[in-house]
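First chain A sits with chain B, and in the next complex the same chain sits with chain C.
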Partner chain A sequence: MNKVLVFDVWGEYAHFRKYYTTTSPLSYSIPPRTAVTGFIGAILGLKKEEYLKHFTKKQAFITVGLLNPVKKVRISENLINTKDGYFIPFRKTGHQPRTQIRFEFIKDPKYRLYFYHTDDGLYARTKKLLANHKSIYTPYLGISEHIANFEFIGEMNIQKKILEDFVKVNSVIPEDPANKIEFEANMEYFSETMPIEMDFDRTVVEYRNIMFERNGQRIKAKLKEFWELDNGERILFM
Partner chain B sequence: MSEIISNRAEILFLYDVRDSNPNGDPLDENKPRIDEETGINIVTDVRLKRTIRDYLHDFKGEEVFIREVRKDDGKLKTKEDRLGDLKIDSPEALLNCIDIRLFGATTAIKKKTITFTGPVQFKIGKSMHRVLLKFIKGTTVMPSKEAKGQGTFTEEYILPYSLINFYGIINENAAKDTKLTDADVSLLLDAIWNGTKNLISRSKAGQMPRLLLKVNYKEKNYHIGDLDSMITLESNLRDEEIRDITEVKLDVTELMSVLSSNKEKIASIDYKADDRLSFVYNGVEKSFAECLIDAGMFINQLAL
Partner chain C sequence: MIEAVRRIGEYAFEKKGISLDNSIDLLSILIQDPASSKAYKHILAIKLNKRENGFEFADIDLEDYSKSKIVQYLYRRGSGNGPDITPTSRVTEIEKTFVKNKILPWFQKTLRDETLNLEDEELEFLRGINDCLSENKDLILSKLKVLSEEIPRDENSIITIVIEDNGKRYIGDYSVFREILKTRALSGYYQKYNKESKSEDKICSICKRQKDEVYGFVSTYKFYTVDKPGSVSGGFDQSLAWKNYPVCQMCALTLEEGKKYLEDFSSFRFYGFDYYLIPKPLIVEKSDEVYRILEDFKGVNPEFKKGYIHLLDDTEDEILELISEQKNFFNNNLLIYEESPREFKILLYIEDVLPSRLRKLFDVKKELDGIAVFKNCRVSVFENGKKQVKSHLEFNFGNIWHFFGRTRERDMSKYFLDITNRILTNRKIDYSFLMWGIMENIKRQFINNFSTEESSLRGFQLLLYLRRLNLLENFDRGSYMNEKRISDIFGSGDATDRVKQAEHLFEEFSDFFNNDAKKAIFMEGVLAQRLLNIQYHDRGSTPFRSKLQGLKLDEKVIKGLLPQIQNKLEEYGKNYYTDLEGLISKYMIEAGDGWRMSKDEIGFYFVLGMNLSYLFKSKKEEETNGGGNANE
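This part shows the complex of A and B:
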């Protein structure tokens, strides 16, 4: 790996559902790796039954940087109550026709995505689509009403670095005991356990703790190894 | 038979409400939804889709899957009843319903999960200005109980004015899966405009469609995106004091310059603009058609 595609994505809202919240859907603060693979799959026009087989950790290198502060809001929606097997709004004793659900949304999300793929054809196709601002399916952030827009920043050369010093990192930092974080004043550090890889039947096979700074500031860390881009940005893959 | 759509399109739809509640929050006393950080009124995408579905069913006689259906005894029908009525025994049969062709669905038939991603998706709608929330108290003439001599009090929240901006995309690739045709899209535009106008319930009376724009692309797999943020509202009044569409002007300079720079990729523009709306392009007041022609667009006024 010696190059990476860099592009920004944004929208008005986003919702990356936490897997353990079904009736009160909460959102991850940043798109998990699995959500990014879906996003790239939509740009490439891969069907939802098949895209996962192209994005295993062996083939696809992905990470995310925060460009806007993480803001969460709750919006309630009136959904059809499908309990008891009713799909159409149905009122009877013990069954309400509708159910009110509070969704947690991320407001004004903007992320920088970094992507490399071992399949030259798929990588080249992604690059061409991004550069021409094209997408086969409508890209969105988590759920379909959060339609997203994107901008190709460029293809950058990257180099693996091994350094003794603390450096500032542009991407999120996946937890690793070998890494040391230097906690600074006026920074808000968060870490969330997120799905990293799914099997083809959508069973999650790997979760990882991902650290980020809520306002999109770069975290200072001493890392076992990291990747440095042409433009000086430093990243770790999720 | 109408053809399955072959081009991508972006939709921009503006409508306004006066002294009404465009979309109540069921978990907040049915108050109009307001983004507390910005004072902007929010309308969910599902509210607009409900408007479209109701119009297509009630006015156009189209088969719509997601709607309230009652049995002869006044009871609502279950999903299984509905599936039986519509003779739906396979996922493909669901596509006889126009709302599934437009918006897709996630459902289960006989324990088999079916997911159709809708080719037509809308973002959450937002007002183009900060809004004022007003609390109205009223009385009813009918007592709540037999022995009472007086009616009861009512409480509700309304917006004196809100001009709402919706953005959507029609994706030609997803259209292949749900077999969305050109005729369906014509009906969709009809329903967006006339469904909004004909939604005459107590809380929605006074809704008026103001502008509908459909950008038809000839470039494959391309759309500009974010069109909704390219129109800005100008008014001499403070945002919260706006009460009528004639008190605002829409500056379309950014939208027109972006359309113009994408001229090679755009086949045509379908539009309908309300006569009471004023547009400003490069500081000059013009009709919407003139703005589009100046931007070098092929235009087609929608007959809705």
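This part shows the complex of A and C:
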């Protein structure tokens, strides 16, 4: 791997549901790797049933950087009540047609995505679509109500680096006992356990703790290895 | 969050010396004490003799309940109307408990239950007991009734079965009952809604390790339920819920224990909201220390707890000050929720509040509490359920609740929670929004002729608090008064005590009175209140109040009011305030035109002046009026 596609995505709201919530859904602050694969799959027009087989960790290298501070808001939404297994559009004893759910959303989210794929054809197709600001399906941030915009920043050369010193990292930092974080004052460190990779039948095969700084500041860390881009940005893949 | 709960669960197990790898320990976790209160003092033991070809009914023993026999009683609560998990049940009415709902139906249900995969021998054993109980149903029932009449009315009993089988044996002494309890207690993690959701050799989302079995219905808190197919993303198939939230047995039990621990040691309330304080250790070695803080707090005597300063709610137990004294080796999450038997709604989840952040919040609070104008303010407080007047306005989140709370007319608690979140996590709050909330309340009181003193000072205190924490967004930084320019225009002159007093006040709160327009408005409010007091003294009414337009004031009205107030004071022959009038004029000239202040903001500075007008009382007025205040 010697290059990577860099593009920004943003929208008014985002919701990446934490897997252990359903009726009071909380949101991750950043899109999990699994959500990014869906995003890229939508741009490429890969079908729901097939996209996962193109995005295993062996083929697809993905990570995320935070560009806007994380702002969380809560909004109640009336969802269809599916309790009795189907939609009954009117009120009857013991059944309401709607159920009110209080969602947690990310307001004004903006992320930088870094993507490389071992399949040259798929990589080139992604690059072409991003550069022309085109997508086959509509990309969104977590749920279909939050349509996203995106901008291609460019294709950059990258180099693997192994350094003894502390460096500032632009992407999120997946937890690894070999990595050391230098905790600085006035920085707000967050870590969330999120799904990283799904099998073709949507079974999660890896969960990982991911660390980031809430305001999008770069975290200083001593790393086993990392990747450096042409423009000086440093990243770790999720 | 769920990880923090698991860590607490692990700690709680460790503290109790329980290891989940040990099947005896697993049983002790699942067993519940049948004596849910001290009133459960008696055991009604249905005694059967084991014979070669079955069982025969012997008698009913009335025993004293003993905590040391909990494992033998082998109790675990089932559903309300159905049987419990084993044939040990609390007595409601003898007939209902024995015949209709619990004991006999337990055997009938169990013998039909194919999911238990019982061996033939076990089935025969259970069938034997069932046959014996059914055949002697009427005899047992009448004996139970007779014995239960011996029990005092204020005491309760528990029914169980004992078997004479080479000595007296309780159901807990038989492996078949123990296995049934384990299977049934754990099946709730994967059997529900007539569906089964589990899988083998998959990754558990909590411990992130591959486990022999993972379950899909582990609903430690009811913010995860898949009672509706629509809640299962990726195909609306409840039986595949394990794909979304796979949890292994060990983690499910650890989470339960963590939940229990939080309920015991870390659940609190403020302004009618329940919350859990969930600490998350940042340094693994110090984990225990974090939890010990919680235990210490809940363990101390109530009198000692009163010594802690309260930030959120004056009247509820609060641990935050104790937390704020700690070093940053852990952070805190606040889960504010609403719970009913059917659902658990997360109203707000505040993440990662460090002790140092809390310390800052307390420091600013203490600073404000020491200020004289707040010390002299009379406020109503509720102590032991009674309304009392206290002569000291201390800052707490009650100031926010005062303006953004829940009343009969309106519910602004959503804003209250949002502001709380922002303060705890260092996010800015829009200044004009706050002003709107504050003035909505004050204007209502003003129109109804209620005192606005408490509200205006609470508002003032809140704004100062946020200002000093640098949390006010869009607060007009204004231009600091240029003393030199004023004295250049007017000459330094001989400032009276009152003028000095005003300047002193503006200096003390220079972060709040940060431009001349605000000072002019404030002082005009002072003057207006002095006039109202004089009117009230002379006429017993305050007709000038109507000129204040229900506090819907703008720059034009403020400028027009000054000559009117002066004129009235002259008409009453009591214009003792020419120095203040001069000062107001100076500030108005300095402020120029176009103040760019909202009506709410102008109204607030004005009413604050009215309520602090006592600081500028004239001696002459005091002599003639006795210093009474018309705004009371």
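FYI, the second predicted complex is superposed on the first by the 236 of 238 C-alpha atoms of A that agree within 3 Å, B and C clash if a C-alpha of one lies under 4 Å from a C-alpha of the other, contacts with A are read in each partner's own complex, and residues count from 1 in each chain.
Methods note: contacts are C-beta pairs under 8 Å (C-beta built on N, C-alpha and C of every residue); 3 or more make two chains touch, one makes a residue touch a chain.
Given the structure is predicted, the values throughout are model-derived calculations rather than measurements.
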Next on the checklist: Once chain A of both complexes is superposed, is A:23 in touch with chain B (first), chain C (second), both, or neither?
Outcome noted: second
Checklist entry - Which partner does A:224 reach: the first (chain B), the second (chain C), both, or neither? => result neither
Checklist entry - Who does A:89 touch here: chain B (first), chain C (second), both, or neither? => result first
Next on the checklist: Once chain A of both complexes is superposed, is A:53 in touch with chain B (first), chain C (second), both, or neither?
Outcome noted: neither
Checklist entry - Can A:81 be said to touch chain B (first), chain C (second), both, or neither? => result second
Checklist entry - Regarding the shared-chain residue A:128, is it in contact with chain B (first), chain C (second), both, or neither? => result neither
Next on the checklist: Contacts for A:102 in the overlay, against chain B (first) and chain C (second): which applies, first, second, both or neither?
Outcome noted: both
Next on the checklist: After overlaying the two complexes on chain A, where does the chain B footprint on chain A coincide with the chain C footprint?
Outcome noted: 71, 80, 82, 85, 102
Item to check | Contact footprint of chain B on chain A as seen in their complex | outcome: 11-13, 45, 48, 71, 73, 75-78, 80, 82, 85-92, 97-98, 100, 102, 107, 129, 132-138, 140, 144-147, 149-150
Item to check | chain C contact footprint on chain A (complex, rising order) | outcome: 17-24, 26, 71, 74, 79-83, 85, 99, 102, 104, 188-190, 193, 195, 201-208
Item to check | Touching residues (chain side chain C, partner chain A) in the complex | outcome: 1-3, 199, 202-203, 205, 208, 222-231, 233-234, 236, 243-246, 337, 343-349, 351-352, 427
Next on the checklist: Residue numbers of chain B touching chain A in their complex, please.
Outcome noted: 25-28, 33, 35, 37, 42, 44-46, 66-69, 75-80, 82, 104, 107, 115, 117-118, 121-124, 126, 167-169, 171, 173-174, 219-226
